[in-house]
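Structures for review follow.
In the two assemblies presented below, chain A is common to both, partnered first by chain B and then by chain C.
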Partner chain A sequence: MFQRAGHLTRVMAAVWRISLAEAIAYRVSMLMWVLTTTFPLVSLSLWSGLAASGPIGDYARPDFVAYFVAAFLVRQFTASWVVWELSAQIRSGDLNTLLMRPMSPMLYHAIQNLAALPIRCALALPIGVLVLTLTGGLGWPSPGSLLALGLSLTLAWLLNLGVHVTIGCVAFWVTESTALFEVWLGLYLVLSGAAVPTSLYPAGLAEVIRALPFHASLGFPVELAIGRATGAAVTHGLLLQALWVAVFGALATVLWRRGVRAYEGVGA
Partner chain B sequence: MFYLRLVRAQLEMSTLTALQYRLGFWTEGLLGLLWSVIGIAPLFVAVEHLGAVEGWGRWELVVLTGCFTVLSGTFTALLQPALRASMTHILKGTLDYVLLRPADGLVLCLTCAFQPWHLVEVVGGLALVIAGLWLGEVEVTAAGLAAGLATGVAGVVALYAFGVLVLCASFQALQLQALTHVMEALMDFGRWPAQVFPPLLRVLFTFVVPLLVMTSYPAEALLGRLSWGTVAQLAAVSATLLVVARLAWVRSVRGYTSASS
Partner chain C sequence: MVRVEGLCKRFSVPRREAGLRAALRALVRREYRVVEAVQDLEFSLAPGERVGFLGPNGAGKTTTLKMLAGLIVPSAGRVEVAGFTPSERRPEFLRRISLVMGQKRQLSWDLPAIDNFEFNRVVYEIDPVHYKRRLEELTALLEVGEVMRRPVRQLSLGERMKCELVAALLHGPQVLFLDEPTIGLDVAMQLGIREFIRRYNTEHGATVILTSHYMEDVAALCPRILVIDGGRLRFDGSLEALRRQIRPLRRVSVRAAALPDDPAALGRVVLQEGGRLVLDVAPERVPEVVGALVGLPEAQDLAVQDAPLEEVMRALFGREEAAELG
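What follows is the complex of A and B.
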């Protein structure tokens, strides 16, 4: 038992080192990805411009700044790109190499995502801090809510991973699943709070949107970070996140197990 | 004439390839249209709270969204697949076979792939423009229409020029397929009226990354708000970009080592 755990730790450390080296080798590519995720900052300038003459809903100008900077950072910390790799690997047959290794390909992908985290932070934190100093401060969350924030970020990352694996595994049957992911992404941009805080949608519609997985993966951690979710809303949001993680985790597991069985390994 | 026939032949070939995947024809085309339209949601949220966004009413924003949809359809149907295929050529070193052909390399690169189903978006976008003008009860004058077409053409030229610059960048740094995604994500800001952007970003999005030339200004022209001076200025911007792009291409090809990497 202990031997096995030790073995697993060593394997994980090895994958971490490889992935870190890969991430450093393709810095430009990585910078491009970080650049894509800076777009909340353009949304920031748009909305804070619109709020110049008065608050919009319950968001005044500084609130928009805090919201979008937090959104930018949350996206950096919870990013996943498994769907691109997984569907390409299934289509080309490259998955074979991963299946031969003495660890689950899922674990491999998860560690790979985690390995890029330090570099993402190194690239993203200065941008976030710069914007905040230029626009004047962010109310830091209290130490008590930091714990909730950490939990929420972890859940958001797991949720993203679950969605990516679920959609990536569809490639076992249809060979091209990135188109399906584009559908997800289209909905995500509008419904997650990346383009506009979800609480600004008309009453009635807002409640529905805020119950969807999109809001759980971005909007909720952001609201938690800027101190807009307090008391019962925190537990409610965390539970909702956990629920969606469970749903997509179960889906991903089932699809992966059945998919590997249906996998022909020859590529198309 | 030769180039017209060449482009036609290339497009026909990729259409035939695309027709093999008939499911994509409907799903990708119609879904693309749906996404372009759904993206209007943040704009409507702003209108709902503010009454109008910097002087743009509800139906005027629909016209703007139509212009955006036409442009993003053009991008995903024609430019993006061609850029991706060309970047793969550069990465693998197979660009040699393109350059060896007895025609202009850039023309060949820009027409080497085509996703016809995304043209559904272009048609849908035009329908949106007409619907927005109709429901907003805007009188479109002949001059406005001409100005709209002129800025629209300038916008497409600017889009292509920018695409070529991106392609040239991929000669320098490999693994830049991600750049077409960056471009796609950037284009999303073309949904917003030019007036919303702070001055610095407006300059950036007009002259460096000419998003606003592509969407916001054609819409304004159709609504009859653009002076001919501005139209001339925009045409000059996209012409300059085109020249810069062409020069960058010539330079990049000269530096191309053809080794696969």
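What follows is the complex of A and C.
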């Protein structure tokens, strides 16, 4: 038991090292990636402009700044890109290499994602700080809510990973699984809170949107980070996140298992 | 070590006619055609054997190899390798085998090979002492001591292939699957890799299963050959036996001051020119024909040979060649 756990830790460390080395080899493209995923910062300029003449809903101008800078950072911290890697590996047959190793390809992808985090943070944090300095301050979460925030970020990352693996596995049957992901991404931009804080949607609609996985993967951790989710809303939000993680985790597991059986191992 | 019974693999391939109309129709209803890639394969291999899969392109060699390695799941039949069912891909099984594909890179492109080796050490749980010894042995044999410290993308095809082999053998697999390991390599490199594989096989008693387009690879390396064509096993035995089955006639040649009046009575005339005669003769008539030729005036250079390998292969893979010509 302990032996297995020890082996797993060593494997994780090894994947981490190799992925970190790869991430460093790709640091320029990573910087590009960070710069091109600044969508929340675009929303920020839009909404802070609109809020110049007075608050919109319960968001005044500084609230928008805090919200969208937090959204930008949460996206960087919880991002996954497994869908691109997985569908490319399935189509090219490069998945063969992962399948022949005595370790789970899914674990490999997960650790690879985590390994890129330090570099992403190093690139994203200065941008966040810069925007904050330019636009004037942000209230950091209280130490008490940091634990909930950490948990929420972890769940958001797991949820993103689950979604990515689920959609990536579609490539076992359909060539254009990344097109499916574009659809998901479109919905995500509108419904996650990346373009509009979901609490600003009309009553009735807002409740529905805030129950969807999109909000669980971005909007909720952002609200937690800027202190807008408190008390029962924290527990409720975390439970909802856990529920969606379970749903997409199960979907991903089923699709992966069936996909590997359908896999044709293309390429000579 | 390897047991295969009634092994089949079917692929469904989407099928549509050319043109826009067919493309639109395929959007609504896709039609599939079932391709029988491997049909009812049956064989078994003993530990330590070196076996070559021969067959034209698309014959089912690689598909069979992938089923043995556990990469793809059979449609029907049973496979057992080293006591495991490969398609379950249990870690204990994967640690006992290795699959090297000449046309696919397995090493991470941007890192030096040595980083990849170190990664394998951890993933395959190789004991550090073993690892160090085996790494030294393999890098010395394959002469990659310097090469393995450069990023893989800077290596030549041959250097990369050598590193792929090191990575594949560090954990000391009992069964080694090689798919076109020498493809695209120059002759010297082919010879080196061939020799290395033979050495690994004899020193570690590992079972080696190989597919190759280069007849020489298979001829030099594999005492046993399985010919797979159209997804079926056509032949199982030694190269000599294969040669005699495909081209049963012996080639008898002689040089003499005067040749027989009616050489066609002795066998099929391949060449008759100056004082030289080459005949294809049925095995049972060889003693008689040799007797007749020895009696010729100033007979010399009398030789009895099997048909040349290239001819055997041309006869065997005639279809492939026809396709290339056509």
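Here is the rule we use: the second predicted complex is superposed on the first by the 266 of 268 C-alpha atoms of A that agree within 3 Å, B and C clash if a C-alpha of one lies under 4 Å from a C-alpha of the other, contacts with A are read in each partner's own complex, and residues count from 1 in each chain.
Keep this in mind: contacts are C-beta pairs under 8 Å (C-beta built on N, C-alpha and C of every residue); 3 or more make two chains touch, one makes a residue touch a chain.
Here the structure is a predicted model, which is why all the values come from computation and not from measurement.
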State whether A:L20 touches chain B only (first), chain C only (second), both chains, or neither. neither
Is A:R10 in contact with chain B, with chain C, with both, or with neither (first, second, both, neither)? second
For A:D94, is the partner it touches chain B (first), chain C (second), both, or none of the two (neither)? second
Which of the two partners, first being chain B and second being chain C, lies in contact with A:E264: first, second, both, or neither? second
With both complexes overlaid on chain A, does A:L114 touch chain B (first), chain C (second), both or neither? neither
So, A:L212: does it touch chain B (first), chain C (second), both, or neither? neither
Contact residues of chain A, present in both the chain B and the chain C interface: 26
What residues on chain A touch chain C, complex-wise? 7, 10-11, 13-15, 17-18, 21-22, 25-26, 93-94, 96-97, 99-103, 260-261, 263-265, 267-268
In the complex formed with chain B, which residues of chain A make contact? 26, 28-29, 32-33, 35-36, 39, 42, 45-47, 49-50, 56-57, 179, 182-183, 186-187, 189-190, 195-196, 200-202
Listed in rising order, the residues of chain C that touch chain A in the complex are 11, 62, 66, 69-73, 87, 89, 91-92, 94-95, 97-99, 101-104, 106, 108, 110-111, 115-116, 118-119, 122-125, 179-180
Listed in rising order, chain B residues that touch chain A in their complex are 24, 27-28, 31, 34-35, 38-39, 41-42, 45-46, 48-50, 53-54, 173, 175-176, 178-179, 181-182, 185-186, 188-189, 192, 196-198, 201
